[in-house]
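Before anything else, here is the set of structures, which you'll find just below.
The same subunit A turns up in both complexes below, where it pairs with subunit B and then with subunit C.
And then the complex of A and B:
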């Protein structure tokens, strides 16, 4: 286990160095990822001027988006398509080491470049979260990071069967946008929409920590949902991985 | 688990691999129908492959494109799971991908000699390999010093991978693949794309490495100089089956129905009806000719030449391996 942790740390460092050299591209990606929450903020501030905590929610959501975003359709799926994934199978390493390391490295740089802007915006709008709420959101954020990775990774595993893994991830991202609290805070959804949405993995992977950080949800109610989905998604990802690997070993990618 | 010298380092036992390839007739209707009723054709990439490599043996794995060389290599390296037969590498089933095995083998592909992030330096990459293969620090330093000297890596160590030429990448890739001293080395077209000098340097290094470390090497290459420099034994694979398994110097004799008889007349400019003796393949200065003669007729033709002509020099040679293989591949395709 210590050996794996060291290997992962070095792999993360390698990927961080790579992404640091791509910093201009990284900044464009951060801007791209920030557009949706900022758009939501503008729309819902105008549409529901009296709604409580919309600003703090969307700023927290922007931070969550930056720290949970995953790109396994570009890292893992492309490695399957261009054959480099086969090379990793010949090495004595977990085959997903590179994808995990890249994921963590990108989130690290997203945090470094993006979070100061979000914090500055929160300070400027008087929407800084309470320290207690922020602290309570940490475990929820960590679970959301794992859930988002599982969702994207699971969809990217479709690369074992099709040439259209990017489409599968795109569909998942759309569901995340619609049902994860990005298009609208779940609290503002009509009828049973909010209650149903809070039971789905999309909210657990995106909106949940933002609601906790902005003081709109109780972390003790959020964590069981997130943990439940994490168990389900880890199981599903493990199953897809085993079947995908079997398929890859049969056809060679 | 250890392997004794009697145990093969690499064993293919009835190894076979079938792929299912989707097929359909042309046209929109067929495209739509294939959604409901997809049809497949079985492609037999490898069939009943049988061979064994002793520890320390260096063997060439030859064959035309699509013969099944890379598929076999991938099965032996643990990437592909065969549909028939079995294999053992250092006593282990490769596709189980046990770490204890993966730490003792390496696959080097000429088309992609050095993986990993391109922004890192060569030394960064080598250090990661050390961690990955759990090479003790002292051993790593010793191996690196040796590889660095043989591959002339000193000035490459601090350079980013993305800034390396193909030849430099191959040198760095070989160092990365060998820094853990693999006992079995799979080389897939290691000199592809390299210029003559770089290819010669890689060949010289590999020949020295195999001799020094007694590693078992299986090499695929379309470049005969690679095979001639490295392999005493070759396996010729054709449509997924082994067609020849034996000494390299016997390959031409097995496959070529002809030999070359080179004749230099004693008198420059002397003419003869060469076609009576064989097919003229080359003509050189001073009336020198190379005749292609059916193998069985060579003694008779040589006797006649010596009896009828003033001959300064006469030599019987096997045809160049490249020409033999090219002819063999052509016949195979027909």
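And then the complex of A and C:
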């Protein structure tokens, strides 16, 4: 375990340095990721001006979006398609180590560049979260980070079977947008949408920590849902990984 | 005419290549349907809380969303396959190949390939527009439909011109990839620009012509846009296309090639 932690730390450092050299590109990616919460904020403040906590929710959601973003369709699926994944398999280290390290490095830089802007926006609009709510949101955020990675990774594993891994991730992102609390805060969804949405993994991976941070959900009610989905998704990802590896074949050497 | 024939041949080849992968086509269909339903559901959630958004009632907003999907589908099918990560082609020399071909480099580089499956998104957009129009209290006049068609074509030209301008930045700043920023700005087009507060609405109307993508064409269909508005939109489109051609030409003069 200690050996894995050291390997991961070294891989994270290497990836962080690599991404620092791509910082102008990183900033454009951060802008791209920030637009959906910003649009949600603009639309919902216009549609429901009296709704409580919309601004604080969407600003928290922007922070969650930046810290949970995952790009395994690029880092992992593309390696399967171009065959470089075969190199990874022969190295004496876990095959997903590179993908995990890249994921953490990107999230680190997203946080470094993006969070100050979100905090400044929250301060400017008077929507800074209460420290207690912010603290309560930390475990929920950590679980959301793991859940988002599992969702994206699972969809990216479709690269073992099809050429459409990017489409599979895009489909998952669409569901995340609609049911994860991005298109609308679940509390504002009509009919049984809110109740159903709170039982799905998409909200657990995105909207849940934002609701906790903005004081709209109790962390003790959120954590069991997130933990339950984490168990299910880790199992599903492990199963897909084992089956996918058996299917993988690469030419060259 | 010669260039158009070459473009038609390239598009035809791309279409035949795409049709050979029917499963991919079926998957794109699923993506288009889920994307369309998701956008409509998001709009429905918003209108469950309000009767008008930026002065647009639900049916009009559906028309706007459909128009946005039509132009977005054209962008994904005809322009993005050519211009996505264009700066990398400038950097590694793949762009040289375009320059050696006996046709306009601007058209070949920006419209030479296509991803026909993405046109399903445009088809879904047409259905959404039809649904929105059907929900309007009165059907639009023939003239309104004609102006909408004209302005949607104009919006497609604006999309091509702005996307090409963003890609052409690579001629001056090879390390600056603005693809993601363009995609981010594009998302503002799915709602009426009147929704956004000052100064954002002014920026999205005059500085970044996001309003021309869907708000102006949809206005023509559901609000009988004035002739002045339509003429202004067409003039802006023509100016943007001319600016794009001039910028491309200047950019080409700076380009020195990356291969030997």
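One rule holds for everything that comes next: the second predicted complex is superposed on the first by the 248 of 253 C-alpha atoms of A that agree within 3 Å, B and C clash if a C-alpha of one lies under 4 Å from a C-alpha of the other, contacts with A are read in each partner's own complex, and residues count from 1 in each chain.
Everything that follows uses one rule, which is that a residue touches a chain if its C-beta (ideal position, glycine included) is under 8 Å from a C-beta of that chain, and two chains touch if they have at least 3 such contacts.
Keep in mind it's a predicted model, so treat the numbers as computed, not measured.
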| item | value |
| --- | --- |
| Subunit B versus subunit C as contact partner of A:250, first or second or both or neither | first |
| Which partner reaches more residues of subunit A (counting touched residues only), subunit B or subunit C | C |
| Which of subunit B and subunit C A:130 touches, first, second, both or neither | neither |
| First (subunit B), second (subunit C), both or neither touched by A:178 | second |
| Partner chain(s) touched by A:21 [first = subunit B, second = subunit C, both, neither] | first |
| Contacts of A:242 with subunit B and subunit C, given as first, second, both or neither | neither |
| Touched partner set for A:10, first subunit B, second subunit C, both or neither | first |
| Touched partner set for A:35, first subunit B, second subunit C, both or neither | second |
| Contact residues of subunit A, present in both the subunit B and the subunit C interface | none |
| Of subunit B, residues touching subunit A in the complex | 19-20, 71, 74, 77-81, 83, 95, 97, 99, 102-103, 105-107, 109, 112, 115-120, 124, 128, 131-134 |
| Contact set on subunit A toward subunit B in their complex | 3, 6-7, 10-11, 14-15, 17-18, 21, 83-84, 86-93, 246, 249-252 |
| Subunit A partner contacts - residues on subunit C that touch it in the complex | 21, 23-24, 27-28, 30-31, 34-35, 38, 41-42, 44-50, 53-54, 175-181, 183-185, 187-188, 190-191, 195-197, 200 |
| Subunit C-facing residues of subunit A, complex | 24-25, 28-29, 31-32, 34-36, 39, 42-44, 46-48, 51, 162-164, 167, 170-171, 174-175, 177-178, 183-184, 188-190, 193 |
